[in-house]
Each structure stands twice: as C-alpha cells, then as structure tokens.
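There are two complexes below, and they share chain A, which is joined by chain B in the first and by chain C in the second.
Moving on to the complex of A and B:
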C-alpha cells in the first residue's frame, strides 16, 4: 500500500493565490483539491445599500486584470432593471473597450504566463534573455490593448469613464486605427508562433458554456446555451462544499463544465472575424486540447484587433455620451465574456434606488471543478514521477485555463480538515 | 544586483499588474534589479532577504497577519503599493461578522479577521504609494529612487493642482458635480475631472486636507443651484 500526498504550495504565474492538494493511494487519486486561499473580500455584501449607479466602479475592483468585464456585466444587469438598452455607437464603444481588455489580458497570458511553459522558462522575463524580440512583440501587443482601454476608459486598470447608460465623456479615438493595424500584424505573428509549439496529445470531453450571439463572436451580450441570460440563476448554481475550499458551480445540476476561450471557440467558431477565421484554418473549428488554448487566445486576439478596426471604421460619435437611466425597483441579470470566461451578475434594486441584493459568479469559480477533473486525468497515470516534475505538469495544466483567482469574488478561505 | 520581491494580500492584482504594464520599461527594470520573488509572473523564487519588497493588498486573515510580519523581517525596505495595502482598500468597507452570512451559506468554514486593515497597522512601512490602481510612472519613480538610494519624489498636493495644470474646467464649480479632488492626493493626472466626473478619492487624502472647506462649498446655495440645474 503506497500513500502519496502532493502539495503544490503557492501556484505561480496565475493571477491571484491558490494551491493544489492531491491525495493518492495504491495508484489511485482519492482526493484532489485546487485550493484557493485568496482572502474573501465580501463584495456582494458590501454592495448592499449602495446607490444603483455604484456597482460598475465597485465591482471593477474585484479584478485588476479584467475590470472591464465586471463593469460591462454590472451595467447590463442594472440597465435591464431600469428598462434601458444601450445600442448603436455607445454599444460600439463598449465593444472597443472590451476588445482592448481581451487584447491586453490575452497578450499577458500568452507571452508572460503561458508560453514560458512550452519553451522551458520560469517566467516571461527569463524567456526574454533568449527570446528578447519575441517578448518585446508580446509587450507591444499588450500595450496596444492597454492603449485601447485607456483611450475609451481613461486608464488601463479600473477605467473611470464607464457609467450606466454609456460613458461620462465621449472618447477621442484619433490615432487608434494605426496602432491597431500594427497590433493585428503582431497578433497574426503570435498565432504563427504559438501554433509551432509542441503540444501534449490530450483531448477532454468538455461541456462548454459561453454566450452566443446571432451576429457576433459573443463578448458583450447574447444568450447562454439553451437559455437566456436572465434565467442563469435557474441553471447555474453554486454550492459550498466542506471537503473543498471554494464554491463549486453546477450547470443544470452537473458539476464540471468549462467556460473561457475553448468554450467560445468551439461554440462560436463561425462568428469569428474573417482574419481570425483565416488565422484559425490550421487549428480547425474544433479544439478540445486544453494546451492549445494558447492558440485559441492568439486567434481571439486577432479577432479583437480585426473587430476593433471595423468599429473604428464605422464609428460616428453619438449626440450624447450616455442615455439617461432612472432607477426602478426590480431584479436584473447581466452576462459578458471576460477573457477567461463567462461572468454572471444579478442585482435587485429596492424602492429607494439602492442595491438590495448582488450576486456575482466569476468564470474561475465556474471552471474550478473542471480544472480539478483535468488534473485528475493528468495525475493518476503519472503518480510515479518525481514530485518536482509532477508539480510542474500540474501547474501547467492549471495555467491552460488562465484562472484569475483574485476575481473569485467569493472563493473561500476554509478552515481545512486535516 | 539588488533584489526585488512582490507580495500579494487581499487585493485585485491590479497594482502588481501595473509593474507588468510597464511594457516599455519592464525589461530595463529587470536588467537593473533582480525580480527575485513575483508569484504572478515567475515560477521560481530566489530566497530572501530582499532589498525592496512591494506589498499589494490589505490584511484580512489571521494567516496574512503572520505573513506580513514575515515579509517585514526579510525585507530591507517595504513599500506598500495601492489603496488596499496603504489604507485597507474597498474591502475595508466591510464589517465582516455582519457580512459573512450574506455571502456564505456556512460561515463557519471561513477564517477571517473582523476588518481589512492597511499594512501599516501591522508592521513599519518605509513608503506608501497611493492609488486604486497605482500610477505606473509613480511606481517606476519609487523603484528608481530606491535604486539611487533617495526618497521617491511623489507629490502630496491635491488633485486640483493637476486639474489646473491639465486645463480641466472645475467640475465642482462649473457643473455642481460633487468632487473629492480638493482633499485627494494627486497622482492620477486628474483623470476623473478630465472625463467630466467628480474625483472619488482613490489616491486617498492629500497632506493636510481641509474637508471642512469642501463641506461648506457643497452646502452653499450657489453650489446647490448649479447641482440641481445640471440634473
């Protein structure tokens, strides 16, 4: 009888803080926990009693990597309560802002967090010693994304220009097209570069969740598979499980579904922009290999650049930066596609225009059970490997899903059973 | 080469991301100071002591209260980065015991302190860099100052000074928009007023603020009139 306990304390090159615990016996994994030790910050509770206009600025602070996703899901949920739809050029500006976040976040993950795994470096900075031009290309691409967010939103992290109904001020978009043309070139080079990596031969039978939209590779709005956004609380439930350290999401009662780039790509391939679809011709319309998510992120970056250029081309400034939004009592739902997956919000506004309830389900909470499933499949046949090697493999498998642990609005710090 | 460490406590990652957002300077910085511990960016960590520790996030769990003491012990200089580490941040709005059952069905599983507190409530801090998030030029100034062995040159005057320098119309006087700029420390470049909204104070109070004068202003009849006509 052989007992083995593997602890990966302090996951690196992920955003936020987590750890992994594996307990095995006689070659079988008995217990596997992706531990989240990010301290809880109680956003849903501290939103209660605040003005209905405040969630976009407050929930942005849940995640410094994807604040725009929080602002967009929050705005749409609250606007739906107030009976307001933001469309035309104002919706285009929201898309631009969001594409900027995709470019910035995907470039960060591809070049600084994920690619070092494929090329055998501990970090993007270490990788730059041998591949300086490549890392500089990644940083330039990332900067183009940040510049787009800053142009529309005021600054790259926690943009200040977003409000219910639109924006505080119409942005100055001059000069952006040239920068995005350049970014598109860099993104296409990125697809070529990452496509040449050596990928482990693994495919999983994933159950995907992503927004779908009749005309768009959904990012800002759409329907969820089989149900509209305002029914998400009926289909997606969260449970607090004593043997684990985080809330686990279930989709229609079943655990272990996946949201994020792989989900979007497999569900919405046909809606990719022409340049992105061309760049995806080698990968094809189906991708079930989690390691190839780096290719999918690169293709989505091409899409984001391509679509941003299209928007900049057609954009005519509207008369006003915002449409008026008056508070109404009621419940509303919002969903959008954060770089790492579907981000769900639900709010209730009371008779005084204050937030009575807030509920936020971030993508990493939804993916956690599925990441554990990926790990179980990876670890069981490799229990004999030396611990450092197995540890590195596990970290790699987790990074495939770009978990953003700081955006775990309500992951738990649990008093662990020993 | 001197050693830099980056630490995270309760936070959104945005302030440490600011270091990676220095796209044009990151590789230059990495050539001047060894980035020895930075879990978000590197899977290797070289052991302390460290010459400069940048600390993000506020202290909100019993474990973190111990961890920040450890970080202080192994750091020659400790600089807090951002509103969470410097002032407690947005999660300091909470009163934890009352909030726990609102978010979690079984609050018993959660180990947390009653309040989220700034790093300076636990250990001595050598310099506090403000902002939610911090400004990347100010971050580079702090690192450069540290490398040169001098105090960082970070202005402590109000946002109003930056607003005037930028030529923004005063949103408070001209539009009757409530604005914390007169009592908030500069550093953002008067960003919110430039976008037609009032400052909400994410850089924290300026040196010797005068909130009483701001209160008199927003209670005066001319202000109320403007505020109402602006809708």
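Moving on to the complex of A and C:
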C-alpha cells in the first residue's frame, strides 16, 4: 500500500493566505482540501445595527483589490429596498469606477501573479528582471485602472466617493480618455502576449454562474442564470466545511460551480465590446481551459478600456451627484461581477433604518469547491511526480482562478489538521 | 531640483498599522495602502524617498528606528495583500526604478486589531515620528529655499 500526503503549506501569489492538503492512497486521492486560514472577519455581524447608509463603505474594507465590487453589490441591494434606481450618467459613473477596478485587478493578476507560471519564474519580481519592458507595460496598464478609480472614486484603493444613490461629488473626468486610449493599446498587446503562452491541454465541464444583462457584458447588474438576483438565497446556499474558514457554496443543491472570468466569457461572449470581441477571435466564444483564463482576463481588460472610452465619450454630468435615498424597512439583494466573479449581498433594514441582517457571498468562497475539483483531476494521475513539481502544478491550478482568499474568509473555524 | 517624496504605508483600520499613514498625512506626504506598484510609481525619479511604516520587530512599542539604504531583509509572507516593502524594493530594482536614496522610518506597533485605534504607546510616539521624518526629509542647507517638494509623485 502506498500512502502519500502532500502538503502545500503556504500558497504564494494568491491574495490572502491559504493552504492545500492532499491525502492519497494506492494512486487514488482520498481527500483534498483547499484550506483557508485567513483570520475571520465577522463583517456580516459587525454590520448589524449600523445605519443603512454604511454597508458600501464598511464592506469595501473586506478587500483592497476589489472594494468597488463590495460597494456596488451593497448599493444595489440597499437601493432596491429603498425603491431607488440609479441610472443614466450616475450609472455610467459606477460602470467607469467598476471598469477601473477590473483593469487594476486583472493587470495585477496577469502580470505579477499569473504570467510567471507560464514563463517559468517563481515570482513577478523575478520575471521583471528578465522582462522589464513587459512588466512596465503591466504596471502602466494597472496604473490606468488606478487613475480611473481615483478619478471617480476619490482614491485608487478603497474609494471614498461612493454613496447610496450615487456619489458624494461629481468627478472631474478630464484627461482620462487619453489615458484610456493608451491603456486600450496596452491591453490589446497584453492579449497578444498571453495568447502566445504554452497552455496545458485541459478542459473541464464547468457549471458557470455569472450575471447576464440584455445590453451589456454584465458587470454592475443583471440576472443570474435562470433566476433574478433577488432570488439568489433560494438558489445559492452556503455550508461550513471543517477545513476552511470560508463557507462553501452550492448552486441549486450541487457543489462545484464556477464563477469569474471564464463564466462571464462563456455566458456573455456576444456582449463583449467590438474591440474585445475582435481581440477574442483567436480564442473563440467558448473557453473551458482554466489556464487560458489569463487570456480571458486580458480580453476583459480590453473590454473594460473600450467600454470606459465609450462612456467617457457620451458622459454628460447629471444635475446632482446623487438621487435621494430614504430608508424603508425590508429585504434587498444585490449582485455584481467582481474581477474574481459574482459577489452576492443581501440586507434587511429595520424600522429604524438600521441594518438588521447582512449576508455576503464572495466569489472565491463560491469557487472553492470547484478549485478543489480542478486539483483532484490534476493531482490523481500525477501522484508519482516529485513533491516540489506537483506542488508547483497545484499552485498554478489554484492561481488560474485568482482566488482572493482574504475576501472569502469571513467566519471563524477552529480546525487544526494534525 | 532635488525631489523628496514622503510615503506612509499602512492601514488605518488595523490599529497601529495606521501610524505611517497618520505621520505621512501630517507631513503632506502620500498614503500607500500596501500596493507595491504604487510604491514604485511614487518613488520613481525621487532623490530621496522617506517611507514611514509600522514595525513588528519585538522592540518596546513606540520605538522609532531609521533605516537608510536600498536594501531591506526579505520580510517573508507577512502582508495581507501579498507583497512587502522589501518586495517593492526588489521590483523597483528589477525595473530600474528606485529612488536615489531611501530612508525607512518605523515605529514599533503594539497591536494590529481590526478597527482598533492607535495604541497609547504609538500615539505618544507619533509627534517624535513626525519630527524625525521631517528632519530626514529636510534638504541640506542651501541658499535657496523651497528645494524640497513633498508628496508629489
């Protein structure tokens, strides 16, 4: 009997901290656990009793990479309770802010976290020594995203300008078009660059979850596949697993679905902007290879730049930076597309205008079971490989999904493995 | 013209980790929430970068230390978002984008709890932290004033 335990004790180049435990016997994987040990966060509990206006700012603090996603899902849920719709130029500003976050986040993941896997470097910094111009391009692209978020949101990380009903003040958007034009060129170069990587020949039969919208490559609002956003708690359920401080999710009772760039791309390809669709012509409308998610992120970056330019072109400042939002008791739901996937919020406002209940389901928590499935398929036929080699392969497979583990850990689990 | 940039690093919502930000604000410097690319961007082309951060070095809380030079020991995986100050220096070095001189001024933290204010020890050390940073950033005596531009990137 051959018994083998593989432990990857600290994943690198993944936001936050996680670990992976694989137990195998006689060539079969008996147990595989993606372990998340980021400190618990209790955000849902600390929101209770706060004013109904506060969740966009408080939940933005869950993640330094995707604060806009938290703000947008929270605003959508709370505004729906209060009977307010934010549309026209104010919705355009929200889109701009969100596209800025996509550009920031995707550029960071592509250039500093994911590409080193394909080019054989242990880190983005090591890669920068040999590929200086390439990394400079990545940083310039990321900076364009930062500039967009800073212009609309007041600062590049944890923007402060968002509020229920719109913004605290209208932004000055002068000069952004030129920067975004340049960013679009960089994003198109990025698609060319990553498309030339050597990809493992793998495809998975994924079940996808992403927002869809009749007019847009959904990011800010839409429906979920087969049900409206306000029914998400009926379809998406969470459960505790002993090995992780993040909850695992089920979609209609079944575990192991995928949200994120691959899901969006496969469900919403036809809604990509013209430049993005053109850039995607080599990849085609279906992509089931998780390693090629780097190409999909690059295409989404083109889309974000292209759409931002379209918005900047049509934008006429509204009369006021916000529409009034008065509290009403009730329950509301929000969903938007964080760079890593669908981010679900649900709130109940009580009679005093305070938050009585809050539920947040981040994308990485939803993807965790599916990432484990990817790993099981990867590991089982390769159990004979030397541990460092197998470890590196597992890390790659996890990074394909850009897990933001610091986002997904939000409850305490006192579990000590061995 | 000599260019000095002051950069505070930290998180206002993690107790003493906000000390660097608070000192930088007092000096009209830049705030960095831990984004290494922004850090590299901020000090690119500077003659002197003064980076203010909170330390966890087992000194008594409130201890202030200055470290001059472009080398820092690798910090290990201690940041909540991946890359440390040492990583940012490595990245800057790889890209040929380091400041000419770097001084890291740290204050030893006592606690880093979510949502906590600065600890009494760090709060008490803050005026000295600010004055030490101002001193480091002060341009050498020269006939013309206004040679130092702070907080520009």
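We take it that the second predicted complex is superposed on the first by the 406 of 418 C-alpha atoms of A that agree within 3 Å, B and C clash if a C-alpha of one lies under 4 Å from a C-alpha of the other, contacts with A are read in each partner's own complex, and residues count from 1 in each chain.
Keep in mind that, in the parts below, contacts are C-beta pairs under 8 Å (C-beta built on N, C-alpha and C of every residue); 3 or more make two chains touch, one makes a residue touch a chain.
Fair warning: this is a prediction, and the values are worked out from it, not measured in the lab.
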When the two structures are laid over each other on chain A, do chain B and chain C clash or fit?
clash
Scan A:64 for contacts with chain B and chain C and give back first, second, both or neither.
both
Larger contact residue set on chain A - chain B or chain C:
B
Output check: A:108 vs chain B and chain C. Expected answer is one of first, second, both, neither. What do you get?
both
First (chain B), second (chain C), both or neither touched by A:383:
neither
Touching partner for A:143 - first (chain B), second (chain C), both, neither:
both
Identify the partner contact of A:156: answer first if only chain B is touched, second if only chain C is, both if each is, neither if none is.
both
Tell me which partner A:312 touches in the superposition: chain B (first), chain C (second), both or neither.
neither
Taking the superposition on A as described, I'd like to know which of chain B and chain C A:122 touches: first, second, both or neither.
first
Touching partner for A:395 - first (chain B), second (chain C), both, neither
first
Superposing the two structures on chain A, identify the stretch of chain B from 63-71, 135-143 or 171-179 that clashes with chain C.
135-143
List the residues of chain A that touch chain B in one complex and chain C in the other.
10, 12-17, 41, 46, 61, 64-65, 108, 112-113, 124-126, 128, 132, 135-136, 139, 142-143, 146, 156-158, 406
Which part of chain A faces chain C closely enough to touch in the complex?
10, 12-17, 41, 46, 61, 64-65, 108, 112-113, 124-126, 128-129, 132, 135-136, 139, 142-143, 146, 156-158, 406
The residues of chain B that touch chain A in their complex are 8-15, 17-18, 20-21, 23-24, 26-27, 30, 35, 38-45, 60-61, 63-64, 89-91, 93-94, 96, 99-100, 102-106, 108-112, 116, 132-133, 188, 191-192, 194-197, 200, 202
In the complex, chain A residues that touch chain B
10-17, 37-46, 48, 57-58, 61-65, 67, 108, 112-113, 116, 122-126, 128, 132, 135-136, 139-140, 142-143, 146, 154-158, 160-161, 163, 167-169, 240, 242, 321, 392, 395, 404, 406-407, 410, 412-415
State the interface residues of chain C toward chain A in the complex, per the touch definition above.
13, 33-35, 37-38, 40-41, 77, 80-83, 87, 90-91, 94-96, 114-115
